[in-house]
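Note that the chains are named A, B and C in the order they appear, and that numbering of residues resets to 1 at the start of each chain.
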Amino acid sequence: MSVDRKTVAKIADLARIAVGQDELDPLAGELNNILSWIEQLSEVNTDDVAPMTSVVEVDLPWRADKVTDGGYRDDILANAPAADHGFFTVPKVIEQDGI
Amino acid sequence: MAEYLQGATGEWEIVIGLEIHAQVMSEAKLFSGASTAFGAEPNTQVSFVCCAMPGMLPVINEECIRQAVRTGLAMGCQINLRSVFDRKNYFYADLPQGYQISQFKDPIVGEGEVVIDLPDGTSRTIGVERLHLEQDAGKSMHDQHPNQTYIDLNRSGVALMEIVSMPDMRSAAEAGAYFRKIRSLVRYAGTCDGNMEQGSMRADVNVSVRRPGDEFGTRTETKNINSIRYMMQVIDYEARRQIDILEDGGSIHQETRQFDPASGTTSGLRSKEEAHDYRYFPDPDLLPLEFSQAFVDELAKSLPELPDAKKARLISDLGISDYNAAVLVAEKENADYFEDLLEKLMTKTGKDAAALATQAANWVIVDLFGALKKFSKSIVDSPVSTRDGAELLALQIDGTISGRIAKDVFELMLESGKNPEQIVEEKGLKQMSDSGELETIIDAVLADNQDKVEQYHAGKDKLFGFFVGQVMKKTRGKANPQMVNQLLRPKLDR
Amino acid sequence: MTKLTDLTMAAARDGLAKGDFTSVELTKDYLTAMEQGRELNSFIVETGDIALDMAASADEMIRAGKATAMTGIPVAVKDLFCTKNIHSCSASHILNGFKPRYESTVTANLWQDGAVMLGKTNMDEFAMGSSNETSYYGPVKNPWRATAADGRAETKDYVPGGSSGGSVTAVAAGLAAAATGTDTGGSIRQPAAFTGLVGLKPTYGRCSRWGMIAFASSLDQAGPITKTVRDAAIMMESMAGYDAKDSTSVDRTVPNYEHALTGDIRGMKIGIPREYRVDNMPEEIEKLWQQGIDWMKAAGAEIIDISLPHTKYALPTYYIVAPAEASSNLARYDGVKYGLRVEGDSLDGMYKNTRAEGFGHEVKRRILIGTYVLSAGYYDAYYLKAQKIRTLIARDFSKAYEQVDVILTPTAPSAAFAMGEKSDDPIAMYLNDVFTVPASLAGLPAISIPAGLSRDMMPLGLQLVGRAFDEETMLRAAHVLEHAAEFTAKPAIWWGEK
């Protein structure tokens, strides 16, 4: 599988990382280098092999339904690049493409 | 009967699917210990985990697991003993992690079906495809500032149950009925409060159209609808819009649309219409969720009687009409009130449930609901308690007051807040049931209206009501009407 | 008179207990050494005042008879651990200015035991690297320098390995008694080998990941970097333990690891995996490995040839799984809640500018690879496939452990290389981890012990891999190996005032 500059641009967009036009080809080269090295995995027969779902042999621990956290807004906002009246602030979203 | 829309070129069928997001009733969030209470100051119910600080990790809340299973059981769905949490990756300001922990291929609840009652009295079965647990996002406020959006993460991480229907609905009315049924079920099960104004329950509405018998058409999705009225508007508008496009020879794009309540229309989002690539993969900070059938069975035992079963019992065991039974069970609080009232009534009168149920049901539905509507109160804030309601009915049943007087007493109860016995006593409203007293009054009425008596004898039977009316007037409504009838007839027929 | 900063942790523990010196004195000596060693660039932040306060408290603990094995010991902390109110940036510009209001569980364990924090050490950005050349704060210099054939020490800089380059440099140069590191694919073991130290990665789930800035969730583990195996055992015991705030943390008692160092490995079965004999394996590495085998045999262990058939697929598997998880873990760095924000014409613009400026090149590359292998159409071929091969790799080990108790391999395919030598070829860089990655994928404990010197007089290490949660057996073998190797070499001091 190899990537071209268009694909790199698409991936960079998904990852929300600005990539200059002049960086696309070199990046495509670097990624292709790595991807072709990874390609060797297709040699391995993995029929009837389950993907690893947990490294440790334990059950998912369950927590009791109690309020044990939160209520420290100052700590939450302490490192915020921009905050106002108890809210985080960001550049206004014109289109609500919220999910 | 399927409802088809008339287009310029023929008939069209609407196909609707709903994805309902129901906030789980729990003290704390799905993967963090912060509170889920509504209405707190911004960012005061946020832990380091909820705002995705570096190094933070999720730990699952056991009550949320139980609530999801209870909801699945209430919908008659298959419960999956093993399910997996996946990360749904995308960027938005109210999604601090840059991913939402959700469930993709292996949800906690599988297929089931739900019966809905339609306004015309018919029923339909709507399929449920699945229910999964996921985190809610925070809230973005775009109108607090000219060029900033304000983010409150209090809601970030609250547990949601996403309930996905099969695309089985064929009209806005069916969609509304399905939504109401799901809302009723979660309220019965105690897993979600169904409060749409507060955002506890909202829906994404998927609409497509097709020629009857054809394959499904392309659908559009309108998200975060938090009122049934809006939902129905969306469906009607979308269906028409799509039909118009198709009849003009165009085609429908699969897209997310936005609803504008002011105009009742939907519009496409201007942003790029490429489908989101969420890159789902199992969350490596969590392990698969597993529990036993015994765990599920215990939860099943803890569920209250659900609406369908309750309705069937009210009809078959208590002889209540289909319509009244449906009305009573639609909201758990109504059913609870009715059943409590009925029990108290049985104790007061010594009669059995079947003998009392219909009268009690009628009183609740007509009189009480009427009053609640008038005073804009909900049944949990009812100005009349079940005790007083039962007393009012008991007074009628044992003949202390007539039905007519009872209505007056009820009004006085609402006005004064006093209980019925007090009012009857204070206002001297006891029904006059002494035959001697009544005969004296009847004789007086007949004596005062000799001309009418003669007309009656001449054949004007309708005047019987006039005489009854006069007796009631003279007794200020307190005469026992059945007795008056009984005593009057022989006197007239003499 | 031994310099205080030359003491092992165990020796310092004894000295403190006997009252030969105080923790404040010990700490002051380390702080002076740190000042002298600044050109090594091993610390991003020095916390001198805090260290002295903590040392004073430690001295109280010792006086009150409440000391633990770590009390009063000055340690350096990898920048990846969140330390309350102190710079914690994982050596990245995107966390610029971030000072967490919480302490990681692992470091909290150390402070509870009375250890002293000297500062936050430099590392590869977000732990992505094997040479500490990708840090926003500049590369770290290995205190070791090669010696040319004619015996003269070279003057060019060598890499300390990575990603825990700052931690190993601090310990190797005598700037700290020990350091915390993190290991995802070899980031404790490989730099420990490059600098003549002991580096231990415990079983996955042994140490809590709460408060550790995440790179690859299913692989990251905290561990100690120390001068000796005994020190590693002591520090491991303090760092480890169940944490209810981490769903992957395992609830098992932490044993006294020091007690495992009996010195007796007679009858222990040591597995030698044939697939670790890679193509173009440098002769000196092969020789060192054989030397290790002989030492173990001499100590009474039984040597058994084993096969770990899927070994060669471990590195490419790792370079799918780790970037995939990282691409998701690093999505939270968006300029909204903390760290760097670069303005943009819209919310998306802000994200893109912030992340472009905040992340270094290697991190960006891995995020892109990770995003790609998870994307629609490629998930099955890459991520799912890699997770299946991971199952096979783990199975290889399980089968091997039916026959053997520990596995012996070289730690790295070479000694430390010169700075800049491999930074143009990512795959050459990735190959540094060829021996360490398999144990990470299988979640097994592994330790590197300094075992010899290369032709250029640079340190070489040997690795032991143990059964899950059987750090004791592995430590026991490591202790014997260390004893046999008698690695006493130290780097000639070329930094600071002469």
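As a convention for this text, contacts are C-beta pairs under 8 Å (C-beta built on N, C-alpha and C of every residue); 3 or more make two chains touch, one makes a residue touch a chain.
Keep in mind that this is a model prediction, so the values were computed, not measured.
Central chain by Cα centroid: A, whose mean Cα position is closest to the mean of all protein Cα atoms. The pair with more inter-chain C-beta contacts, choosing from B-C and A-B, is A-B. Per-chain Cα centroids separate chain A from chain C by 24 Å. Centroid to centroid, with C-alpha atoms defining each point, chain B and chain C lie 59 Å apart.
Separating the CA-averaged centres of chain A and chain B is a span of 40 Å. The residues of chain B that reach two or more other chains are 48, 51, 59-60, 91-93, 149, 151, 277, 279, 286-287, listed in rising order. Looking at chain A, one finds that residues 14, 16, 53-54, 56, 58, 60-61, 63, 75, 82, 88, 90-93 touch two or more other chains. Shared contact sites, meaning residues of chain C that touch two or more other chains, fall at 98, 100-101, 218, 244, 247-248, 327, 331, 334, 336-338, 347-348, 351, 371, 375. Interface of chain C with chain A (complex): residues 97-101, 204-205, 218-219, 244, 247-248, 250-251, 310, 312-313, 316-317, 319-320, 327, 331, 334-341, 343-353, 355-356, 359, 364-365, 367-369, 371-372, 375, 378, 381-382, 384-392, 394, 426-427, 442-443, 468. Of all the residues in chain B, the ones that touch chain A in their complex are 26-28, 32-35, 41-51, 59-65, 84, 90-95, 100, 137, 140-142, 144-153, 223-224, 256, 258, 269-271, 276-277, 279, 282, 286-290.
Of all the residues in chain A, the ones that touch chain B in their complex are 14, 16, 53-54, 56, 58-71, 73, 75-77, 82, 84-93, 95-99.
Across the interface of their complex, chain B is touched by residues 82, 88, 90, 95, 98, 100-102, 104, 209-214, 216-218, 244-248, 324-325, 327-328, 330-332, 334, 336-338, 347-348, 351, 371, 374-376, 379, 383 of chain C. Of all residues in chain B, only 48, 51-60, 87, 89, 91-93, 96-99, 149, 151, 277, 279-281, 284-287 touch chain C in the complex they form.
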